[in-house]
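These notes concern the structure reproduced below.
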C-alpha cells in the first residue's frame, strides 16, 4: 500500500490496514486512526521525538524509582559526605552523605507530581473561564476577564511566595500557589479561540438544533480549544518546574528531607565552588526536563495547530 | 405556511448602519418551493438568518405555520424548521464523527432509536454505513453536504431553509444534491425557501421566486414567467443575461443598480 | 497556430507523496498554447490548478514535477535554475488567483503593491512607477485611480480587488497570463465585467491566456479553445464554439447535468455516471 512504511517497519500488516482504512467501524476505530495519523506526523520531527524521549524517560524513571535505586534518597551516611562522582556514587553525595543519583531519581517523582497537579488544576479552570467569557460575551466576559487580569498582573514568583507564606510551606501549597499564578493565560487563550469559533457555521447549526449553551461550550467549543491549551501547557512546563524549584530553593516548597531538585540546589549552593556536583547535577536535571517539555510542546504544536503551516 | 411582512434587518448604529434588509414581504404556501435570488450583499441570506432565529435583531412580522415568531425560538420551532448552509466545509464540526453529528439532534430532542434513525438518515441521502464514523475532512464536498441535509432532516421538520446549498459544489455533484433535495421534498411534503445567486438553479428547483437587490425585493414572479422572459425590471433582465454566459456586447450595457430608498 | 507556440507542454506529471501513498495529481497532460485564450475546465481534483502551478514551477516539495517537454517561448522551464525561473515569473508569465482577499497583502496600500510589481519587473524607469500604476488602474476600468492607489485591500470590493490583482499581474506586460478561477469568488455580473477587461487586455497586448475554471459554460463562451480535464488527464480538446459537438461522455455528461433556465423543471437533472475507464482515456 504505502511506500512510506519505513516509519513503522514492524507493525503487522493487518493492524496497519486497520489504521489506514477509509471507513472506520466505530468511534474507537475512528479515534485510533486520528491518533495514528497524528503520531506519524509527529514522529517525522526529530526534535520533537527527542523531547518525547526525555519526557518518557522522566516518567519511567519516576515510575520505576524503586527498581532503579537501592534506598529512597533520604538515608544519610555522614561519613560519606561530599564525595565526588565515582563508580560507587554516580553523581556523588551531598552534604549529608546522601547519594545524589538516588535523590535525582526519587526527585523525578516530585517533579512529575508538581507538574501533573498544576496541569490538572490549570487546564480546566482556564478552559471554563475562557470559553464562557468568549461565548457569552457582554458583562460576563468583562467580569471574567477583569478577574483574570488581576491574577495576570502579579509576577508569578512573588504571588506564589505570598500564597505559600500565607498557607505555609509544603508541596501541596506550592502546587496551589503555582496553579493560581499560572491559569490566567490559559483563560485568555481559550477566550480568543472561542471568539474565533463562535461564529462558525457548525456552531450555528448546533444552535439551530436547539442545543443549550452548555452543550455547545462543552461539546463543540472546548474540544477545539484543547489543543492550543495543551500545547501552551507543555511550553509552560519549564516555567512551572522552575517556579517550583525556585520555591524549593527558598525553602517554601517541598520540605527536607524530600529530594526536590530545587531544594537540592539550594542546600548545595554553599558547596558550589569545591563540590560543584551537589548543586549542578540537579540543575542539569531541571534543564533537561524543561528542554524536553519545550521540544515536545513545539512538536505538538506543529502537529495540532493547523495555522502553523506544516499541517496545511 | 410562511409569511414575511415588512422585514427589516440592520447592522450597526447611526450613520454607519448597514440596512441589509429593507422592509421586504413575501409568503410561501405549504409544500411550495420558493426562491430568493440576488447577488452578494442583496440581503437574501440575512432573511434566512432572521427567519431561523440566528439573528434576533429584526423588525417586522414573521409567521410560520400560523404562529407569529418572536425574537427567540424554542426547541419545538427547531423541530419544524431546519437549515442547510452553503459551505460544506464549515457547517460540520471538524472534530466530530458523522455519527456524532447526526446523533446530536436526536439527543437534544430526546428522540428514541438513535441508531436506527442515523442509519436511515444516511441511507436517505445516499450515503452508506461506511461513512458513519468518518470525520468531515475525510469526506468530499458533496458528501459533506449530504450529511448536512441528513442532519437537517433527522428531526423531521416540515420547512427547510436552504442557503446556497450547492454553490460550493462541483457541477456534477450539484446535480446529485439538487435531485436529492427534490426527491426528499416530494417524499416528505416539505416546504423550501431556497436562496441562491444562480438563476438556473432556482428555476430548476422552485415554483416562484423573488429577486433581491440591496436589501429590497425588486420583483417577484413565477418560474414560468421567468422562463418566458417576462420580467420587467431591468435588474432582473440583467441577471438573466449574465446567467447565459459571456457576451461581450451585452456586458458593455451592464448597469450598476444602486440602492434605492 | 504560430510555428513556435508560446507554451508547449508534453506529458506533464505532478506527484505528491502522502502517508497513504503516492497521489498523482497530473498524469500526462499535453497541450500547446499560442497567443489565444485557452480554457482548462475540470471539477475539483481534476488537476487543473496543479497544472497551472506546475507551469510556473510553483509546486513545492513533496510535490514533484516532470515532463517530456515544458517549454515557454523556446526556453525549457524544467531545465533552468530557480533564479532564472524567477526572472520569468511575473515578467513573462503571470498568474491571477481566485480570491483577492488572500492574494493581496492586507497591510500594504494597493498603490504600493502595484508599484512593487512594476519595479520588480524591471521593465521601466523608476520615476515612471506611479504613473504606470495609475495607467494600469485605469486600464482595468477603475474609475477613481488616485483614491484606489492610496486605499488598502480591505477597503475595496471583491470585484475591484480582482481588477487590482489583474493590474498588478499585467503591469510588467507578460506574454502569458495564467488565471486560476479568477472570477469564482465574484457575483455573476461583476464576473463578466472583470472577464471583459481581461478579454480586452489580452487582445490588445497579444497575450496568451490560460483560463482555469470549473464553469464550463463560462469558459466556453469566453475562450477560444477548451481543454476538459478529469483525474489528472486531458479527456478532450475542442474549439469553444463547437463545445456542443463534444464527443467524450464526460464532457457530454457535464454539459447535460447543468440546470438551465429554458428547460422544464419537472425532470431530474441527468446525473453524471463516472466510468472508471475514463481514468485511462487521457489524450
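General observations
We call the chains A, B and C, going by the order they appear; numbering starts again at 1 in every chain.
Here, a contact is a pair of C-beta atoms (placed from the backbone, for glycine too) under 8 Å apart; a residue touches a chain by one contact, two chains touch by 3 or more.
Worth saying up front: this structure is predicted, and the values here are computed from it rather than measured.
Interface comparison, A-C versus A-B: the higher count of C-beta contacts falls to A-B.
Comparing the CA-atom centres of all chains against that of chain B, the greatest distance is found for A. For the pair chain B and chain C, the distance between C-alpha centroids works out to 31 Å. Rounded to whole angstrom units, the spacing between the C-alpha centres of chain A and chain B is 47. Residues of chain A touching chain B in their complex: 22-27, 29-30, 34, 200-202, 204-212, 215, 219-220, 223-224. Taken together, the chain B residues at the contact with chain C in this complex read 39-40, 141, 170-176, 178-179, 182-183, 197-201, 203-206, 223, 226-227, 238-240, 242-248, 251-252, 254.
Within the complex formed with chain C, the residues of chain A that make contact are 1-4, 20, 37, 40-41. Residues of chain C that touch chain A in their complex: 17, 19-22. Of all the residues in chain C, the ones that touch chain B in their complex are 43-44, 158, 187-193, 195-196, 199, 214-218, 220-222, 253-254, 257-263, 265, 268-272.
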